[in-house]
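A, B, C and D are the chain letters, set down in written order, and residue numbers restart from 1 in every chain.
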Amino acid sequence: MPEETKSSPPPSAGQPKVPAREPVAGAPPSAAAEKSPAGATSEKPAGAAKPAGPLAEPWTSPLVAKLKARYGSGVCEAASDRGQAYLVLDRSITHEILGILCEEEEFDYCVDITAVHYPKREKPFDLVWILYSFPRNERLRVKTMIAEQESFPSSTSLWSGTNWLEREVYDMFGIRFDGHPDLRRILLPEDWRGHPLRKDYGIIEQDQEWVEAHLGIESGQ
Amino acid sequence: MLESLTSYLTSNTTPGQAGNVLWALIYIFLVFGGVSLAVMAMNWLERKALAHFQVRLGPMRVGPHGLLQPIADAIKLLTKEDIIPDNADRLVFWTAPLIILCASFAVYVVIPFGPTHAITDLNIGILFMLGVSSLSVLGVVMAGWASNSHYPLIGSLRSSAQMISYEVAMGMAVVSAILMTSLNRSGTGTLSMIGIVEAQQQQQIWYLFKFFPLGFIAFLIFSIAMVAETNRAPFDLPEAESELTAGFHTEYSGLRWSLFMLGEYAAMIAVSSIAVTLWLGGWLRPFPHALSGETWDLVFSLIPGFIFLILAAVAFLGVVRMPKDPYFRVQTMGLAGFGFLLGLIGLVLFLGPVRERIQDIFWFTAKVAFFMYMYIWYRATFPRYRFDQLMRVGWKVLLPISLGVLIGTAIVGVVD
Amino acid sequence: MPDPTPYPSPLEQGEPDKTFLDSNELILNMGPQHPATHGVLRVILKLDGEKVLGAECVIGYLHRGVEKIGENRTYAMFNPYVDRMDYVAAVSNGLGYCETVEKLLAVEAPPRANYIRVILTELNRLASHMLWLGTHALDIGAMTPLFYTFRDREEILKIFEKYCGARLTTHAFRIGGCLYETYDGFERDVKKFVDGVPAKIDEYEELLTSNRIWVERTKNVGKLGAADCKALGVTGPVLRASGVQWDVRKALPYAAYPDFDFEIPVGANGDTYDRYIVRMQEMRQSLRILRQAVEGIPEGPIMAKVPKVIKPPAGEIYHSIEAPKGELGYFIVSDGSTQPYRVRVRPPSFVNLQALDVMVRGQLVADVIAVIGTLDIVLGEVDR
Amino acid sequence: MAPVATPFFFYFLSFLTLASAILVITRKNAVHSALALILGLLAQAGLYLMLYAPFVAGVQIILYAGGIMVLFLFVIMLVNLERAQKEEQFNRQWLAGILAAGALGALLVAVFLKGRALFPASTQPIAEASNTQQVGELLYGPYMFAFEIASLLLLVAMIGAVVMAKRRI
């Protein structure tokens, strides 16, 4: 590994990239003021690149109706973006709804769990579940927002395969999952400090102490 | 001195029996040198044949067609750094490869390459062979334990369990062959290796075909068990690379590792020799009775020479097909020299006295070579057995069948 | 290396009824340098004799932060990086990424580009399965198939090289279509290959399919039922071997796949042998697709109209394709700038590898090797 | 076969046997003890050979050195050696030990002194070649019953071991 990373000093070209990146990363807060980044951006790309792409439109289905009837305003948004349905839910009911989706609505395959970090937002993390139903041949994205230091109930009891996916989210974003059987870092070393996929973690940042202690080199970069 | 030298040549016993220490020493040197050479040749042949099974060329760089590769390997192994793990038990770590080597070489003391071509003829020959070769288990166990590491330990446990298990079936098959030697007028059999071959000669049949299919089944059991006994594919669990890296010799390197390899190949040749002696008529030429008579004797005694001439012709064909580029000149000359040597050996083999004394050795070696080729063939074809399956085959398939064959042989022998 | 048993968690469930004759449990550390772990995978095995009580994977040795890199490169610049994940099936990775960005842009690749994409992807599926077969057979102890499959995989790599200049990490596609038109004789090469391969596959099958030892080593080894597969999120041939007839190419078609007539082979028992059979049949199905694609390849442009600077409208997209290992998904969040705000890769190997512990419990050490082989993982993709 | 250097081999093998026997009880490492025991057994096999009993020698190698000792080693290797090494090598039962050794020594001396009277020299010529045959004839002739009893005993022991080891099945 050291050899591999050592060879990357040339991307000092990548170094100025980071500041250049900042304004862009700062862009979404305006969007993030609203519920989701998807809903907000209607005018910007229209002017920028090309005629407005197909954008989020309200999504109606028996499933949404049922959930709305049961949870009311907890279902913040149900929309379909470029033909892909998603739900934005309030944190408090998300776990329950995931349970319903898994057990009642036959979303028996949890494709992926991931997170997105919006540092400027009040609740900086989007947690995203991508679900799929074999019987219905339907894919669904469930999102919720959680705050810094906030944990979330683990869904390993619903889909045992989420074990590693949640560990990865913990590893990369530092979001803890309550009731996870074995919440440890998965890709990074156990005693690494920092969560690399947060936006405030620079691309060439590293746990200097760890690198020196374990690899015996000045820097992994 | 000179008398004892010449007297042996005209005698009809092995040097050991004659108590001729000088000739015994010469034979020991000849046999052990020959075996070492055979191991090197086998090494080359295995890599080459395996390569051709697998649509590749194998060694091509050192010498023409990689002929010198074993020598290069030997030099490499001898000059390699010699590593002993820190926590290893040094004494045991040292002696383990020596035990394996001694065990597999000591076996050659009784192997009869011809009626008089053996170091000695023990009257417990086959018992001695089985006993001494079973000692190599000790070396394996010691190597695994002394390395003080998990993979070698598991490897050695597997290996010793495997060797002990297959020894049982192997022993049963051997006993059924020995039983056949007692089917003579006096009703006494023999354990002597030379005696077994002579019994086949007297009964005018290879034990492979005796009481068909009993002899054949016993032979099959033995030839399966001997592959397991020598830890070769598809029974190469102790050194299953993909599971246990290299099994009991994971921690070995350089010279000591090469001793393991030498021991392994020597053991392969040794068990093949047992199979040849017991079932394939040892040094007897094919059809000694059906095609008997002076003429046939002459024809068969000419075969060794012709085979060497054919090999020489193949080598010269290779010379012709070598690229004409000056870069290959040394290689071409080497190959031509090799072919010339083969041809010379072939011509020498046509000389009367040599022909007479050599042909037994030739037939024995040819039969053993068949088994060695089978070893390579198995390795190219079969996947590896799992440990429990291996044990099941050994205990639940081979052992009952071999017991049945033994009883069947006894019954048929009495009824006959 | 520290004590290899720092984490008691999944390994703690031993058998309750111990007798004095039971030997102690043995902790065996397999990897990260081990011939059968297909890269730098470390598996900590808890053994009772040769029986496996539990297995724990330690991964991350090859972690390169692909997702972080994605956030710091433009859409087009990130394209070659995805090839380095599953380097055995780089074309599939590229296809998934390009299609995802195209969806984000609401662009469709022209039909000819889609056909080229299908041809190259299916060739790559064949290459990946061949590599899998060779290494899997080698793990189980059969040496020869490895060389046979490498011989035939070479032909595929030659076609790749002629097409785009690279053999392994091809970077064959661009966002919006393909950069390169097919070279002269592309169809002929593919056709020749497609006609030759069935005999070669027969050759592999001759060595293995009815080989007693092979069957004994793989039948009832590493069983994984359909329910387990779904719960664990396992996809690809592993899922299909358990009897679930699901393939992204059929369920949620992409590229030119709706145009082709092919079947999804399924197994019944979900054991290692079934997975072997499923993959072998999949190779034959790939050939079927290839034959149709080469014959029906339309004329026309190979690149859609895509702006020089790719700035997709803000939004999120998840799109997945059927990679040789399973469902390979990309989740991209765009904030309207030239760089993705977040790129998430849903790697099939990573999710499939989770099933290892379930599959090897109660089996023998040798089966662990067979199971790692049959899962067909690529560590570059597991660790990203 | 004409014997070669008989006295030398006799003393050599005897020395080997004694030395390895001493090593067996003085080595702290059980594996080393077992290995020394194997050496001793092999030397004994050599002695049997010198007594024109090749069959017994062969059986000694196959059964004791090759079979039983390997199983011994098996067990010893799986035992925790560190603990065994820390324990005291000899216990304090000197008296009993000396008595037993003395009795054994007395027996040996008595046999040596009176041996010729007790065991008259064999009248038969030593027949090396038919040694195996003679053993077989004795085993399956006069000692048939003892032989069968012994094998039955072994069978019982084997079944007992299997039952104990496989209690859970």
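We adopt the following convention: contacts are C-beta pairs under 8 Å (C-beta built on N, C-alpha and C of every residue); 3 or more make two chains touch, one makes a residue touch a chain.
What you are looking at is a predicted structure, and each value in this text was computed from that prediction instead of being measured.
Number of steps on the shortest path from subunit A to subunit B, with steps defined by chain touch: 2. Once CA atoms are averaged chain by chain and compared with the all-protein CA average, the nearest chain turns out to be C. Averaged C-alpha coordinates put the centre of subunit A at 24 Å from the centre of subunit C.
Subunit A and subunit D have Cα centroids separated by 74 Å.
Subunit B and subunit D have CA centres that are 32 Å apart.
Each chain gets a centre from the mean of its Cα atoms; for subunit B and subunit C, those two points are 45 Å apart.
Multi-chain contact residues of subunit D, defined as those touching 2 or more other chains: none present. For subunit B, no residue reaches two or more other chains under the stated contact definition.
Subunit A has no residue in contact with two or more other chains. Across the complex, subunit C meets subunit A through its residues 6-7, 9-10, 59-61, 63-65, 67-69, 71-72, 103-106, 230-234, 244, 246, 251-252, 307, 309-318, 320, 327, 329, 331, 333, 335-339, 341-342, 344, 346, 350-351, 353-354, 383-384. The touching residues of subunit B, when paired with subunit C in their complex, are 50, 53-56, 150-151, 154, 158, 233-234, 236-237, 240-243, 245, 379-389.
Those residues of subunit A that touch subunit C in the complex are listed here as 1, 4, 14, 17-18, 21, 24-25, 27-28, 31, 37-38, 40-41, 44-46, 48-50, 52-56, 81-82, 84, 86, 108-112, 114, 116-117, 128, 130, 134, 137, 139, 141, 159-165, 168, 172, 181-182, 184-190, 196-197, 201, 203. Within the complex, the subunit C residues that touch subunit B are 26, 28-29, 34-36, 50, 137-144, 146-148, 151, 207-208, 211, 213-214, 216-217, 364-369. Only residues 16-17, 19, 21, 89, 91-92, 95, 122-124, 127-128, 130-132, 134-135, 137-138, 141-142, 145, 153, 157, 160, 164, 188, 191 of subunit B touch subunit D when the two sit together in their complex.
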